[in-house]
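You will see two complexes here that share chain A, one where it goes with chain B and one where it goes with chain C.
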Partner chain A sequence: MSTSVKAGPRQSPRPGPTRPIGTPRKPWRRRVEPYVYVFPTVLLMVVLMLVPIVMVIRYSLYDNVIMKKEPVLAGIANYTEILTDPDFWNAVKNTAFFTGTSVVAHLVLGMAFAMMLNTPLLGNVTKAIFRVLFILPWLFTVAIIAVLWRLLLNPNGVLNYLLQTWGLADSKVEWLADPNLALYAVTFINIWSGYPFYMMSLLAGLQGIPRDLYEAATVDGASYWQRWWNVTVPQLRPIIVSIAMLDVIFTTQQFALIWMTTGGGPINVTEMLSTFTYKLAFNRYQFSLASASAVIIFVFSMVLAFFYVRYQKARD
Partner chain B sequence: MEPRGARRVLLKIGVLAGLVVGAVFAGFPVFWMAASSFKANPEIFELPPRVVTPGFSFDAYTTIVTDPVKVRFFVNSYVVALSVTALTLVVAVLAGYAFSRFEFPFKRPLNMVIVSVQAVPPITLLIPYFGLMVTLKLYNTYWALILTYMVFTLPYAIIMMTGYFNTLPRELDEAVKVDGAGSFTALWRILVPISVPGLVSVGIYTFMIAWNEYLFALTLTRTEDMRTVPIGIQLLMGQHSYEWNEMMAMSILGCIPVLVLFLFFQRFFIGGMTAGSVKA
Partner chain C sequence: MSALLCAATTVMLVAACGGGSSGGSTGTAGASAGGDVTLEFSQWWEPELPANALRGMMDEFEAANPGIKVKLLSGPYASTKEQSVAGAAAGTMADVVGLDGAWVSDFVKQGAITDLSKLMKDSAYDESQLAAQIKINNATYMIPVVNFVYPLFTNDDLLKKAGVNAPPTNRTEFLDAAKKITALGGDTKGWVVPLSLEAPNGIQNDVMAWNWASCGTMLKDGKPDLTNADVKETVEFVKGMWDAKLVAPGALTMKEQDKVEEFTNGRVGMMIDSLAHVTLIRESNPNLKFSISAIPAKDGYSGKRGIPYASWGIGISENSKHKAEAFKLVSFLMNEKNNSKLASVANAFPGNTTAVPDFVQNDDLFKAAFDIYKAGYPANEFTGLPVAEELMRSFDEELQKTLNGDQTVDEMLTNAQAGWTKNF
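The block that comes next holds the complex of A and B.
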């Protein structure tokens, strides 16, 4: 959810070494002022962003951190231990599946709903009502989404009842406790909770496409789907790429949903990088190993962020 | 280009059918949550499931609003979320003003840092935050949550406020300065009052992030009197048994602030939500 901060409207000519002779230097006060305004931000970012990142990197290079008083330098031993741990790679695999499937499904659902809400066939009131209904999942916090789906997916719950009544399942399905199903179940919940963001962004994008593009395509004899593919998709591409990148960044970091539905289990079939790291730190008190894992996740996120920022810059 | 006649009717039916299917997908879980909050706990998994059961009552709600421990969850959530919103707005307005109206060295790098900070995973910061909050004696206090939440609300707020100020003509604040007023007066008297729509958007977004946060609330607080609503809902799971009706009632009560904000400020809400990815 970001754009880059753009420079203000037309700047006054920049003072600097090239300033014409005779022009007074900017008064001292004027030069200091912007720093006063950004000071609270910089202070917060240094204390609660820069310092913690340095701390976590330091932790990851030591043993016996936090829990004991004398940390011992461990070099990259913590990293080798994490990177050779099959549980870590299991978490990587689960996170990749969870994220990949979520992002694709979010995009498909978001696009389908946005296009239906943008139809000229229906009245504005009808569309407004459906829009509110469709946005509902986005209004709930993850904690609520987790208990809500535990209620629905309970073996004795309403979903199993409906499936059995319609003959789609013959016994009570343990959606969140069956090792073969749990990963699909949590991914489904995440899809349900995340598509409204795509839907609203794409809807705003759809409404911004100039009509004459469609008219020109129609004159050329393009069918509905040809117009969709040749006009709509290219016009929406910047939005699609932006939200998909943001979604990848945030979905790989998802913790609360997993923690409150399956806790990473059964066994470790829904273990994500976030729950894996959390358990290392706060269940097993292996803060050094957890820090190494946290740094690996950090580096990965920064690589994604780098591409995201570069893409946003290219759009400007 | 518009289809006509029978084809148009068929299309309309098709789109409506699609919308109804979508509405069931999106709305049924929420509807079921609301229905369950009025049931007696033994009726939750009764077969066949019914929307309204003989035990229909507001008992689950009464239990929650009369239990001081649970009321405290709500008080904590409001205190934290409102403080985060107020502080974020103040700090973001100041920083946004600097980014929008001044040229200064380190402006670009600082801007880059603020943009990329949004992608720093909370789990990476969690371990040092835990150590830091214990050291600063802020562990298990409101400040532990308020300060750490601001790290995640501030970048977006600054970006939005900078963008908003950029849309306001510079002549406005220059005019005040000609009269001898300082830049702070220009910001406070001129820019802030006309930026109310931007402030509302950013404020709502910030409030939601703070109201919904889970990971830091779980780790940086310990005692029940410091827990927020998301943790409170989880604490209802498996204390003794699952009080499903109370969990659902608490969820409904927990989403009311966001729902109210949404219904009253829909336009700002969606503006804040889509501004990041959609650019005119």
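The block that comes next holds the complex of A and C.
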């Protein structure tokens, strides 16, 4: 049995994909429907993301906005001023140390605690108790964390009391007020508050690794550390890369913790890109300079976001 | 997507502060269907007052001025500041705005607040009843409604234990008292000074206060003059206290509330602080015996002493369509009866010269403070200066470097002068 089909007059003479002959054209409503579904999301993204971003980029090209009724286009002058400001580079240096140290420490602590919570050596009740204890820092808001650690690290606080009682310090240590210690102190606080995110993500990853892989490695004579390095780490790599990239972005933009603990001081030893930008905008009212600084941070974040998205796509 | 959202956060921080640079003059007062005028009154006072204290006064105002309603826009100090900055940019500032003296210059530059001198003249207002007016180019833009003065607080028990019989009256006596109190040992220190860069008002209240107490100045013809002898002596005095280790530890990141806590817990003998904290100190430590006195002056100085103050100021938006009604509200808050009432509930000193708050008659400590206030003059040279908070912060940073031994006092003052001059 054969079927012949005659070319209809509506058939396109041009090459390329065509509607299968005999398939009815989709009604107008069917064609529009997908766009209606995505419209609210697109609208929200435009209003909440695209418009502010475009506005800030525009602001950064004027001599000063908001404080000036008739701003004048200044080209890249604000970018030049920011990039030649030693305070900006000091903030870059501090942010790099703060972010780099935090991310590495988050990973090491998160991995250690996740492995501890996944070990068969501990009972379920013990693990449940530790799980609650270890996740506690993640449950506090930044304001609570800042107040808590300001009290603990106060020269008359608990930590100094313990150090002096145990003979580990001769005098009161000014953890947050000593220019030689403040950056390390705020970095430590950030590490403390952020590791549970890694811990929970890695724990979920650890629980998903098939037992067969470990059994096969054991049969092959692999030691504990060889199993960890050759089985656990490769299995967790997608999670590690993803959360590390996100953590770099989050930590680079950390503002509240720094502002509420040291305000960028003493002197400028804990000044970060976020506090530097905030001060430009809300203390000096230099909104165009602040916009230029924000755009530079934004570009840096976009580069990271690009690699993150590319990595995710490669995985898929 | 999370990454993109996160990346956008910093940008939005800046974008959120204003809707545009051209500023549409929309006005904020509305007229209801019945023809009533509704005034918006933004301030940070309501959360700091007892419940319903300000709303109650507004109800009285509405009863006395039929056809005018007041809508209170209340929030914490920092939020009010940010909202006012954003409102000034977008032309949506409330009709009546609570102001800090440190904001005035910038709002005037933006054309966001109106000339009150004209409104006072139009309504034949008696200006002589006002204790102070904040003027820029001879026009009034802010009226201090109530003032919070910053006298010297001394811990009676610590002074007595250290063998100091009376609160110090000059710098030598203060230094001597601080040494004796610190010599008591333990956690005790003679003086406490908060120098946090997050809220650098310690420069105004705890450092420059020493300068103003001896009629010193940091300005010349309205411009920075930080290298003069008065400022230098003040900074040298503070550095001398620091080097002698008479200052409570943690000063470089200490905030005002930490300072009050140190004093309340009996760990420091002396502090310069707002009178507004008296009730808090009493409630937190009912057993603490403390006195209030004038800030010690330079040795040999016998003139009137400047006493630092912070104000709850008031102004009117340039964009308000109901300036006359808004000024009625300002007049209402500044009249003798209502100003006394507001000062009483705020534990502050009135902005009306004839008003006397209740607490002055009922409380010896407040009476002493009121006597000091009357005997001296309110001094705050930061009021009306451009980017006043930033000036404090840049001075603070330079002072911190000096205290840390990174530069001399002369270098510090030269650097601070250069930093300030850029903003004028």
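The rule is simple: the second predicted complex is superposed on the first by the 299 of 316 C-alpha atoms of A that agree within 3 Å, B and C clash if a C-alpha of one lies under 4 Å from a C-alpha of the other, contacts with A are read in each partner's own complex, and residues count from 1 in each chain.
Note that a contact is a pair of C-beta atoms (placed from the backbone, for glycine too) under 8 Å apart; a residue touches a chain by one contact, two chains touch by 3 or more.
It should be emphasised that the depicted structure is a prediction, and the values quoted were computed from it without experimental measurement.
S.K.: Report for A:176: first if it touches chain B alone, second if chain C alone, otherwise both or neither.
M.R.: Only chain C is touched by A:176; chain B is not.
S.K.: When the two structures are overlaid on chain A, which partner does A:184 contact: first (chain B), second (chain C), both, or neither?
M.R.: neither
S.K.: Does chain B (first) or chain C (second) touch A:97, or do both, or does neither?
M.R.: After superposition on chain A, A:97 lies in contact with neither partner.
S.K.: Check whether chain B or chain C contacts more residues of chain A in the superposed model.
M.R.: B
S.K.: Looking at A:205, would you say it contacts chain B, chain C, both, or neither? Reply first, second, both or neither.
M.R.: Once the two structures are laid over each other on A, A:205 reaches chain B alone.
S.K.: For A:71, is the partner it touches chain B (first), chain C (second), both, or none of the two (neither)?
M.R.: Touch partner of A:71: chain C, not chain B.
S.K.: With the two complexes superposed on chain A, say which partner A:137 touches: chain B (first), chain C (second), both, or neither.
M.R.: Once the two structures are laid over each other on A, A:137 reaches chain B alone.
S.K.: With the two structures laid over each other on chain A, which partner does A:283 touch: chain B (first), chain C (second), both, or neither?
M.R.: So A:283 only meets chain C here.
S.K.: So, does A:265 touch the first partner chain B, the second partner chain C, both, or neither?
M.R.: Once the two structures are laid over each other on A, A:265 reaches chain C alone.
S.K.: So, does A:253 touch the first partner chain B, the second partner chain C, both, or neither?
M.R.: both
S.K.: Considering only the contact definition stated at the top, list the common interface residues of chain A for chain B and chain C.
M.R.: Of chain A, residues 48-49, 51-53, 55-56, 59, 66, 150, 154, 156, 246, 249, 253, 255, 259-260, 274, 277-278, 281-282, 287, 290-291, 294-295, 297-298, 301-302, 304-305, 308-309 contact chain B in one complex and chain C in the other.
S.K.: For chain C, which residues are in contact with chain A within the complex?
M.R.: 2-18, 21-23, 82, 85, 88-89, 106, 109-111, 187, 195-199, 248-254, 258, 262, 267, 387, 389-390, 393, 396-397, 400-401, 404, 406, 423
S.K.: Which bits of chain A are touching chain C when the two form their complex?
M.R.: Residue positions touching the partner: 48-49, 51-53, 55-56, 59, 62, 65-71, 150, 154-156, 172, 174, 176-179, 182, 245-246, 249-250, 253, 255, 259-268, 274, 277-279, 281-285, 287, 290-291, 294-295, 297-298, 301-302, 304-305, 308-309.
S.K.: In their shared complex, at which residues does chain B touch chain A?
M.R.: Within the complex, chain B contacts chain A at residues 1-2, 8, 11-12, 15-16, 18-19, 22-23, 25-27, 29-30, 32-33, 36, 44-45, 47-49, 90-92, 94-95, 97-104, 107, 110-132, 147-148, 150-151, 154-156, 158-159, 162-163, 165-166, 169-170, 183, 211-212, 214-215, 218-219, 229-231, 233-234, 237, 244, 247-248, 251, 254-255, 258-259, 262, 270, 273-280.
S.K.: Contact residues on chain A for chain B in the complex?
M.R.: Going by the criterion above, the answer is residues 1-6, 8-11, 14, 31, 33-35, 37-38, 40-42, 44-45, 48-49, 51-53, 55-56, 59, 66, 112-113, 116-117, 119-122, 130, 133-144, 146-152, 154, 156-158, 161, 165, 192, 196-197, 200-201, 204-205, 208, 214-215, 218, 238-239, 242-243, 246, 249, 252-253, 255-256, 259-260, 273-274, 277-278, 281-282, 287, 290-291, 294-295, 297-298, 301-302, 304-306, 308-309, 312, 315.
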